[in-house]
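Lettered A, B, C and D in written order, each chain numbered from 1.
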């Protein structure tokens, strides 16, 4: 039952600041996912919680007690590394029992030579053996207990890494992209297993990933990080439907939220590129804004249908049950450059079934009045969403 | 806690290191005179010859008789292989350490004497029978060493081989030597002649080489100036080169190899010193009776190699060392080491044993040569002999292996030598 | 199919291995051959191409005049001491150089390297003076101390390269599991770099076993000579008993090779074997 | 303000302790090397600026750069530098090629492998003097192995140690033979870090031995090879015993490396100061190589890290 509090945590390596003003609180039994692109500082954050990396300034508290200076084991955390970091020279059993043995070590056992003797002795204790076998059973590792990591598959190694974390009784489990080395199928299986584990152990998990699917499926709460700063904190649903800024909007979802530049004049919103008038109610009366809309909220209509905007098909990917349509507001035959990456150029719509369209077709897209986000073009921050919803 | 622990680990290692060093920093062993004024204690004696099988034991046993002459004294060997003996003594003495008493080559004697590392032996040799030859070891009126042994050079032949080849007369000139050697090679499967010719044996080669220039009355200096490219020296090198080029030598053989060939009846002639010659009489296929000797095949006498017995100026027990030298130059001491030193000339005139003479008829030629033999040291440049000889031997090497004209080679050496002297 | 494809490969490898056997083995064979030849054969008729193994029984007799066992024991003491001291120091230093940032790291690394540049001829004279003042002359442990200074840095570099290859996460995992730094070194790092430790041990052992110049300069008592100096003592002013020296040389080499054979299993198996097992 | 002061105060002691511990790991080796190698080295370098004789090592006077200027003006010095560089280059290349291929050949399992490894370490396990003696004997013009084989095969004979054409080659053969096993040992250890499955994969893909070596094995052992190359270079620059005992610097100075001349100067000429000055040049040579190595090393590590 531990609450972890971050107050204005900063971290810099030399002149590079990797974490800036990180403040948050993690309550008990949470499954908190730190989500962000690589290099956003999320792993550093996790390592600071574990005590593997020093904190430059600010405080981390466990139940109110400052733990900045504590050694990792004094913090009593469990950590699953991206590379698993198994001990290659130890069997699975030895790997899993290692934290238990260390817990039972007195100071002087650490003397060279004595330490290896004591390690062997403690490993034989029935309570240690029992605990190891218990965890091994949970994770279906029993047949492999006497093998070394080299003789295991990737998924099995992953489970050993989890087992090594689970065998203890830590205050928090820290997982650093634990699934990134697995193939897609195994990954979805392990996602389910980890979620199940979280429910069973009843402790907080802090989970670092750059994979939004993992964040969406497993988290009770998500912290989106970019360039060392918290972009948004919220449940997966909040993050998805109410992104706090264009970064979150563009990072979450596949394809991500469409960000369409709009010109607002006299309370009327026009698509900036074509000047086409829409019936949307913008949150500002005057100026440039970005309209954020999830691809699945757009629906296909005939061109020139009233209330719909006109667009041209740039791509159509049939995914079986649904189709992702890439569209632009101008005839793609006019394009001299294929600028599919340009967010202002191509937007996406996700529609069910396989509509009979092909690249270059002129289509109409209906924009619903609710579930829209408006962002300030300058700051990228969201604009009074509530008023829009009301409208 | 873990910090303390790993710090402790490191600290322990450091401590062990320092303690280990400190603990052994003080272990001075000292000798003292007994109260009645008689020298006593342990004397460390260094001589590479102690390690030679046969002779070494004879020499050491000879010296051990000193222990019966002075019952308070004990002799201890400081052992060093021949190969690095000189370097080791130099290093030790330079650092103010080293054995109490030791033998050294004459060239080394000169440098050590100049550096003031040798004790004066005046009191020890006073009233002794040491010969005039020892006066060369007197510097500024101080006797700094006595002759341990002085070896001379002669032409020797393996009787078995030359008889097979039908040679009855020993050659008396270089031309005769070449002719005889060629005759040997024609008629037997043995080699004709051998002398040192490899730079890897520089330490001995330069001393051996001097028979050639000296044989033509050459000298490396006139006492003031170097005369490396004098006509006599050029003549000496020409003769050496003639022999080298005559196809009578097993080129590439080091001394150990061709000497063993001699012992195994595979070599007819050598220009050798008496120490080496004595070593041929044991452990091989021949005895002293199988060796013929004659004076060097040159007009002028050759050189000697003088090995000097000296006392360390930094010895902890100089009184005992002097007492030992006193015993060494006494008839008693000289007789004690005679058997080990064969046909060498010693510090005093001690006769060869009758048995020895009978077994080694070749020996007398060497003793006769001692009367006229010259020192290997370069007059006026005694202490710089070795660097100068290095330059000279490089010239000799160029001449024999690359065919450089002897006169040109020595002229080049004459030019380079001052730089070597520094 | 694959077997057929691989045949030329096997043949090629056999050829390469055979070539190495000849390169490395020929001089060794010639040594043994020389050791088993008589002077008459060596210098008169030319030694036989094959070995006179029946003469092996004579070797103990030829070598009985020198304290060969004593010398080999001394060598073993020096080699084992050098190896042990050097491994202890180098494990600590390599760990620090690989894992820590500290002031003067570059200087320390360079200093260690500099020891490998020093010509012995230049070092032996000042070192002798140090030995005199510390009273280390004529002591086997003195040689251990001197040798270690020059062998240890090599071990440091071999071990540092090995530790560099271990991912930091492995130690961090241990840290999380409650393993303090000193035990991370002994319980995690050391087992993982065992092949390199074994390689460094062999190199240090051999260096200690064969070291000559220091032993010759610092030891005056023939009883305390290591084998290398003993071997040189066969070389006399007037001649070298070639067959005897060769016999002694082969004999001196065997313990070192045996040591290697014992340790080599670690060099090449270590982890691989353990991982495949079970 | 007060807060930050408090924070620093609380962080500092722990940090300091940890820093101190770091130094304690490196301290023993450092102190050790300082005492037994650096102090003598500094002393040696100092001697180069004096006129010290071996017979009186502490009695030299300071004479500035005289030793250096006289060396720089001598043909023999430049010859010894050239010889050293040539000797070093060939030794390094020879031992690396031979040692690496031996390690590769002996890394695969086959019957009698351990014994073969033992045989291949023989040269290195042998006292140098023994190697020298056997090579002198092998090189012997009349009864040596080389010339005997040469005569049998009809390719003639050579004055291996007497002919200036062959002197350096003879020394190099003996050196490479003596030293290559150490490269083999280190590479053999490094090869253990090449993941077996990678090599297996390469073999199944039908990659031939050479490209599998270049593509998979070589990158893994490259850092080790670099350090071995550096060590080999530095050791070759200062290798003494085997050259000195084989040829003494001859024939006609063709094997007179810097270190051989150092020894001759110090112990034949008793001229410790000129020897020391020569030693400084030798150090300089090693120093240049080492700096070059570290530059390459940093670049390569950076490349590896970024890829």
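For the reader, a short list of remarks on this structure follows.
Quick note on the criterion: contacts are C-beta pairs under 8 Å (C-beta built on N, C-alpha and C of every residue); 3 or more make two chains touch, one makes a residue touch a chain.
Please read these numbers as outputs of a predicted model, since none were measured by experiment.
Simply put, of B-D and C-D, more C-beta pairs touch at C-D. Chain closest to the overall centre, judged by the mean of its C-alpha atoms against the mean of all protein C-alpha atoms: D. Across the assembly, the mean Cα position most removed from that of chain B is the one of A. Chain C has its Cα centroid 36 Å from the Cα centroid of chain B. We define each chain's centre as the mean of its Cα atoms; on that basis chain A and chain D are separated by 52 Å.
Taking each chain's centre as the average of its CA atoms, chain C and chain D sit 15 Å apart. Residue positions of chain B touching 2 or more other chains, listed in rising order: 1-3, 5-6, 9-10, 13, 21, 87, 91, 94-95, 257. Within chain D, residues 21, 25, 28, 32, 35, 54, 57, 143, 267 each touch two or more of the remaining chains. Listed for chain C are residues 42-43, 88-89, 92, 125, 129, 145, 180-183, 213, 232, 235, 240, 242, 271, each touching two or more other chains. Contacts from chain B toward chain C in the complex involve residues 1-3, 5-6, 9-10, 13, 20-21, 24-28, 44, 46, 48-49, 51-53, 77-84, 87-88, 91-92, 94-97, 99, 204, 255-257, 259-261, 263-266, 275-276, 279, 283-285. Contact residues on chain D toward chain C in their complex (touch as defined above): 19, 21-23, 25-26, 28-30, 32-41, 43-44, 54, 57-58, 98, 101-102, 105-108, 110, 114-131, 133-135, 137-138, 143, 145, 148, 177, 181-182, 185-186, 188-193, 196, 206, 209, 223-224, 227, 231, 234-235, 237-238, 240-241, 258-259, 262-263, 266-267, 272, 275-276, 279, 282-283, 286-287, 290. Across the complex, chain A is touched by residues 167, 169-170, 172-180, 182-183, 186-188, 191-192, 271, 274-278 of chain C. If you check the complex, the residues on chain C that touch chain B are 39-40, 42-44, 65, 88-89, 92, 124-125, 128-129, 132-137, 139, 141-142, 145, 180-183, 185, 213, 216-217, 220-222, 225, 229, 232-233, 235-242. Partner chain C is touched in their complex by these residues of chain A: 50-52, 71-73, 77-79, 81-83, 85-89, 91, 98-99, 102-103, 105, 110, 112-113, 115-116, 119, 146-151, 164, 168.
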